[in-house]
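In what follows, subunit A forms one complex with subunit B and a second complex with subunit C.
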Partner chain A sequence: MSVRDDLAARIPGGDTGLILSILLIMYAAYVLVGVGLGYSLRGQFNTIAVLTFYIAVFAMLALALNLHWGYTGLFNIGIVGFMAIGIYVMAFVSKPLYQPGGAAQVGGLGLPIIVGMIAGTVAAALVGLVVALPALRLRADYLAIVTIAMSEIVRFSFLSGELQQFRLFGERVGFGGGSGLILDFTNPLEAFFGFFGLWDAYLGFVDSFQVLVPNNPKPVVDGLVYGVVLLVFVAAFYWLLKRTGESPFGRVLKAIREDEDVANSLGKNTNRFKIKAFMLGCALMGLAGILWLMTSGAVTPNFFRPRITFFVWIALIIGGAGSNTGSVLGGAVFAALLYQGPRYLKNLIDAALPNASAPSGFGPAIAPLVSNVDPTPLLLYTIDSIRQLQLVFMGLVLIWLMHNRPEGMLGHRKETAAGIPLTASQARDKTAETDGGTTGGEADE
Partner chain B sequence: MSDVPSSAGGEIDTDEPDGAAGVPDADDAESGSLDLGAGGPDVGEPYPLEVENLRKSFGGITAVDDASFSVERGSLTGLIGPNGAGKSTTFNLITGMLQPDAGSVTFDGEEITGETPHAIANRGLVRTFQIARELQEMTVLENMMLAPKFQRGEALWRSVTPGFRDDVIEQESELLERVWAVLEFFEIDHIAEEYAGNLSGGQRKLLELARALLTDPDMLLLDEPFAGVNPSLERRLLDHIHELREQGYTFLLVEHDMDLIMENCERVIVLHQGQVLTEGSPDEIQANEEVIEAYLGGNV
Partner chain C sequence: MGISETYTRGRELAVTRPGSVLLGLVGVVLLFDLLVSLATGAQSLSGVGSLVWDGLMRGLVVGLAGVGLSMTYSILNFANFAHGDYITAGAFSGWATTYLIAGLGRADVGALLLVGASGSVFGGTLGIGVTGTPVAVVAGIVVAGISTVLLALLIDRTVFKPIRDEDGITLLITSVGVAFALRYLMQFVFSSSVRGTTAQPPSLSLYLVDGAVRINAHDIALVVVAGSLMLGVHLLLQLTKLGKAMRAMADNEDLAQITGIPTERVVRAVWVVGGGLTGVAGYIFILWKGTLGFNDGWLLLLLIFAAVILGGIGSIYGAIVGGLAIGLTASLSVIWIPSSFSRAAAFFVMIVLLLVKPEGLFSGRSTA
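Showing the complex of A and B:
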């Protein structure tokens, strides 16, 4: 612990410095491996864009979960349900009105994207309220059961035929059912830059990229710019949650996590605090869901399986529950090493060894090892199955963490729940002052 | 800033609690009396706490059976009784952690039966727990800063909105001064930055009492505050309690140690099998045959 903390203390810039340096190291690793294996510049840019995207969404989700679990001790395992509510409500509000003959089977309300984003976020918060009201009266594990049930109910609702399409104000609207919902609203980036009248300037910026990426640079640049936008959202989440934590409100949340009866017997209406914290976290999860999916072209209900919830939990546990900085780090490390890392590795190896074909099953993979002590087929087979093995890696990392560092990277750190620093240096100031006081003087500053 | 009576050193009323219940303020000349900067206890009804015909059963067992008693303002009243007499249940009924089946609890002339624990605490009736329940993963300072009532920053919007947050910060520094004053009074300021979970058993008891005091209560219910506390620390805790009582705080104390109760309390209420067996001064209680019988099972 001390070595890591010392290291953290020596990095300039405090928490921000720590986050930036770890991000830098991971980006450098990705780029260096890419260069080493002769990736094209376009491929490099794409890699960075995708990496940034996942770092940002997992950081946002881990931050929101940290408010629930790290601060308040609310065991929410329905994260993905709130994400689904967010993006589906956003799509419902922002999709254009139904046009017969268009690609989309159903239309939306045709409102601007920003209205849809707000509606989706608010809807996630309201669903959070509905879930919280009955469940918060019960003990922690019951909230867990209710939340995971809620997330599955949400998924099955969006799968159901009843909600697939219906009429609202005479318009044909709906959630698309199992075949998915086409997100045929304006490209969010275009809407964003267009709002400031900068869309042409942006297109000019894209053209200038032709120096680096000769043909059709737009998708590459879009990806990179969207990644940057997401990082700005991460910064906003971090700012909001840091303020929430470093306040009397955050102090009550921490007290609820430690011992709710105590907080109650000190006059805090803990149910109100829990509901507020839960709704805020749910709203942020809804917003994260919107940001994750609104550029993806389409959503299907089966994307929102509980595994994403558990990915977010792994990210938070790696980073350290209770620490906002740790949540961002955990999200970044999870995305770079556990989520994107194995896939990237597989792509690289495929690119480096284009002729190697992996055996079709475990039998052919293991046979040469037994007969000729030739491990190559097994290795190729392993790399080919890396997507399946990813979950095994995650499990191993979790087990290792639980044994060796259960508090995560930064979990045991003091992130004081107060609007002002509560430190011993003040103690010394105060002692001096009161020493003066007892001898008769009034040391007013 | 100036409306805060400047914390500890400020107004020390110099009438040391000498004599009174034999308080030797030996080891510390510094921690005189305490000004919480919040007005201290209210003065109102002569009997702030009145319990009438309180009853609570769990399944077939009647833990509290028609108990009635009252506590005099500014007194240190002991609540004793053999194991299973219903002391803790009575505490839980008074503070709203359990709902009574029948009867009423009146605090400061208003009925508080069935109110939630936080509402009762906000009325100025605050309890501590039998096993010290410090908030382990929070520092001593965080524990203390939690306690003051109705802090501005407890509203989420005010804590995060730029501009309004300045008010919150301002109040935080005012509170911190009060907190230091109380920490110094209880002589636990040297461990202010420590996680509460790292404190010794006695320090936890001190922290709990100090924290309860910061809610600006009128009356404190202490559930076995001396259990597991070494004799010298017990002395210190008692000194603090006597001092606070002199300032007008009312105490109701559950304790097993008969000697301690008899030496320190002005009034003693004896519970037996959920009922008030008797109440009176320590001398009266000690001479009471029924009490002796209840404690010793009638073998005397």
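Showing the complex of A and C:
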């Protein structure tokens, strides 16, 4: 334990330095593998863009969940439902009005994208209120079941034919049902830069990339820039939650987590605090859902299966609940190692063994092993089904974490409820010398 | 009892439990609506009868699977999210056996053991059914029960035992990990295809005023198996020493331990009984439903949770009654709302009942 903490203490810049250095190591690993695969510069850029995208969305969702679970102790396993509300309401508001003959079966209200994003975020918060009002009176495991049931109700509702299309203000609108909803609003990046009158400048910037990526650099640059935008959102989430956590409001939340009765007896209306914290977290989840899917071109209800909720939980548990730094770190590690890692590994193996064709099922894969001890087909089948086995692996990682490190990577670092730093920097050095255990700082035990 | 007394009591009820009163009113309105549509002929009595029968069958499956969950919930104090995948595991092991016995010599053994993965064998062509291949079905039920017991014991020994003393949420999160690993391992082996497992079972029509309610052989098999197992669990808990120990543990584990109850042995017994019931429930669910996919247990799990919570955690009668209530809600809701919302309606009923009566219908009775 002390080795890790020594290392953490030696990295300049404290927590930020730690996050940045881990991110750098992971990016370096991906780039190196890309070099090994003989990727072109374009391929490398794409890899980085995709990796950044997933790191950012999981970091945002883990941060939002940390507000629920790490700060307030609310066991929410309906994350994906709030994401779905966010993006669906956003699409409903921002999609252009219905035009007969267009690709989209239904239209939206045709309002600007930023209005849609705000509407989606607010809608997620309101659904959070509806769930929270009754459910917070219940035990933690009941809240868990109510939230996951809510997320499934949301999914079934968007799947249903009744909401597929209907008329509102004389316009043909709807949620598309099971076949999905085409997000045919303006490209969000274009809307964003256009708003500042910078779209032409951006296109010029894209053209300058032709030095590095000769043909059609726009998708590559779009991906990279969107990744950067998402990272800015992560920073904003982090800042917001850090400020929230250090405010008097956040201190009450931490008190509720530790002992709700005590907080109550000190005259705090804990239910109000819990509801507010729950709504804020839900709003952030809705916003994260919007940012995740806004550029994907279409959404289908079945994307929002409960497994994404558990991805976020794994990310938070890897990082360590209770710490914002841990949430970001957990999101990044989860995205890079558990989510994207196996898929990238599969590409690597496919490139190394281009001629191997995997058997179509487990039967043909296991038969040669049984009949003449030939494990090759089974290995090939294993590599081919890496997307399923990845989930098995995630499950095992979760079990392992709960057995061996339930406090996460950063260790037990619940941020203190005090408004002022309890440990001055001198005191920090002293404790580090005496017991060599704590990292100190404002994120002390 | 005078009118004024009734009035006072009614007022008291309305003040102390407004939720219950409101719920009762909603129930009365829905019932009235049903009666009106029956009277005007918008709904046929036999149609409603068919829905009720379907709901009862569904409820029996949910209830039977819920008994196991309810036992582990009350005695080990955590919501086991891997329970749904125990159901699937039981179903796959049992159906592999059934396929093997029914199709031996007629198809490739590997394909039979993988329950006809990716369309290599079809249950319909093998003529599987409770009347067509009774031996294969009985063997399947037995193997489903036994293999789920072994699986539950193995997982308990490796995963849950080392963290037995942690709080419920830690165990819950761990069980989610188990669920993931199990489910996708099963997908890896048995493929993600949804296969038809049974041939068309013989059925009989019961005439009900203006039409017929069809009841098939698999419905009857479900009623017989579920009924006898529930009776068996009842007798086990009420009449044996083990049952008494289980009830004592559900009530207060520390007290049970200092009175000399071997708690670890009771925990093992809980997994044996609960796992066996779960495996059989999984098998019989697939027999009744006629299709099998790797997601079936997980999809059923939320309904089972709803049933167990509705009935009151730890009560096996509660699980059964809760299961029937959830099954009937899911089936009958199509009378009033579009059918795509029927599952949502079942969850909604659970949420509403949690608010009105969070301790469940059979509150305060642990494992009995």
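Operating definition for what follows: the second predicted complex is superposed on the first by the 405 of 445 C-alpha atoms of A that agree within 3 Å, B and C clash if a C-alpha of one lies under 4 Å from a C-alpha of the other, contacts with A are read in each partner's own complex, and residues count from 1 in each chain.
Operating definition for what follows: a residue touches a chain if its C-beta (ideal position, glycine included) is under 8 Å from a C-beta of that chain, and two chains touch if they have at least 3 such contacts.
It should be emphasised that the depicted structure is a prediction, and the values quoted were computed from it without experimental measurement.
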| item | value |
| --- | --- |
| Partner chain in contact with A:L159 - subunit B first, subunit C second, else both or neither | second |
| Partner chain(s) touched by A:G361 [first = subunit B, second = subunit C, both, neither] | second |
| Touching partner for A:G395 - first (subunit B), second (subunit C), both, neither | second |
| Touching partner for A:F310 - first (subunit B), second (subunit C), both, neither | second |
| First, second, both or neither for A:F249, with subunit B first and subunit C second | first |
| Contact residues common to both interfaces of subunit A (with subunit B and with subunit C) | none |
| Contact footprint of subunit C on subunit A as seen in their complex | 75, 134-135, 137-138, 140-142, 144-146, 148-150, 152-153, 156-157, 159-162, 307, 310, 313, 317, 360-363, 366-367, 385, 388-389, 391-392, 394-399, 402-403, 406 |
| Subunit C to subunit A touching residues, read off their complex | 78-79, 110-111, 114, 117-118, 120, 159, 162-163, 166, 168-170, 172-174, 176-185, 187-192, 302, 305-306, 309, 338, 340-341, 343-344, 347-348, 350-351, 354-355, 358 |
| Residue numbers on subunit A that touch subunit B, as the complex places them | 240, 243-244, 247-252, 254-255, 257-259, 261-270, 273, 276-277, 280, 322, 414, 416-420, 422-424, 426-427, 430-431, 433-438, 442-444 |
| Complex contact set, residues of subunit B against subunit A | 6-10, 12, 29-30, 32, 95, 97, 116-119, 121-122, 126-127, 129, 133, 135-139, 141-142, 145-147, 149, 151-156, 159-160, 165, 168-169, 172-173, 176-177, 180-181, 184, 189, 192-193, 211-212, 215 |
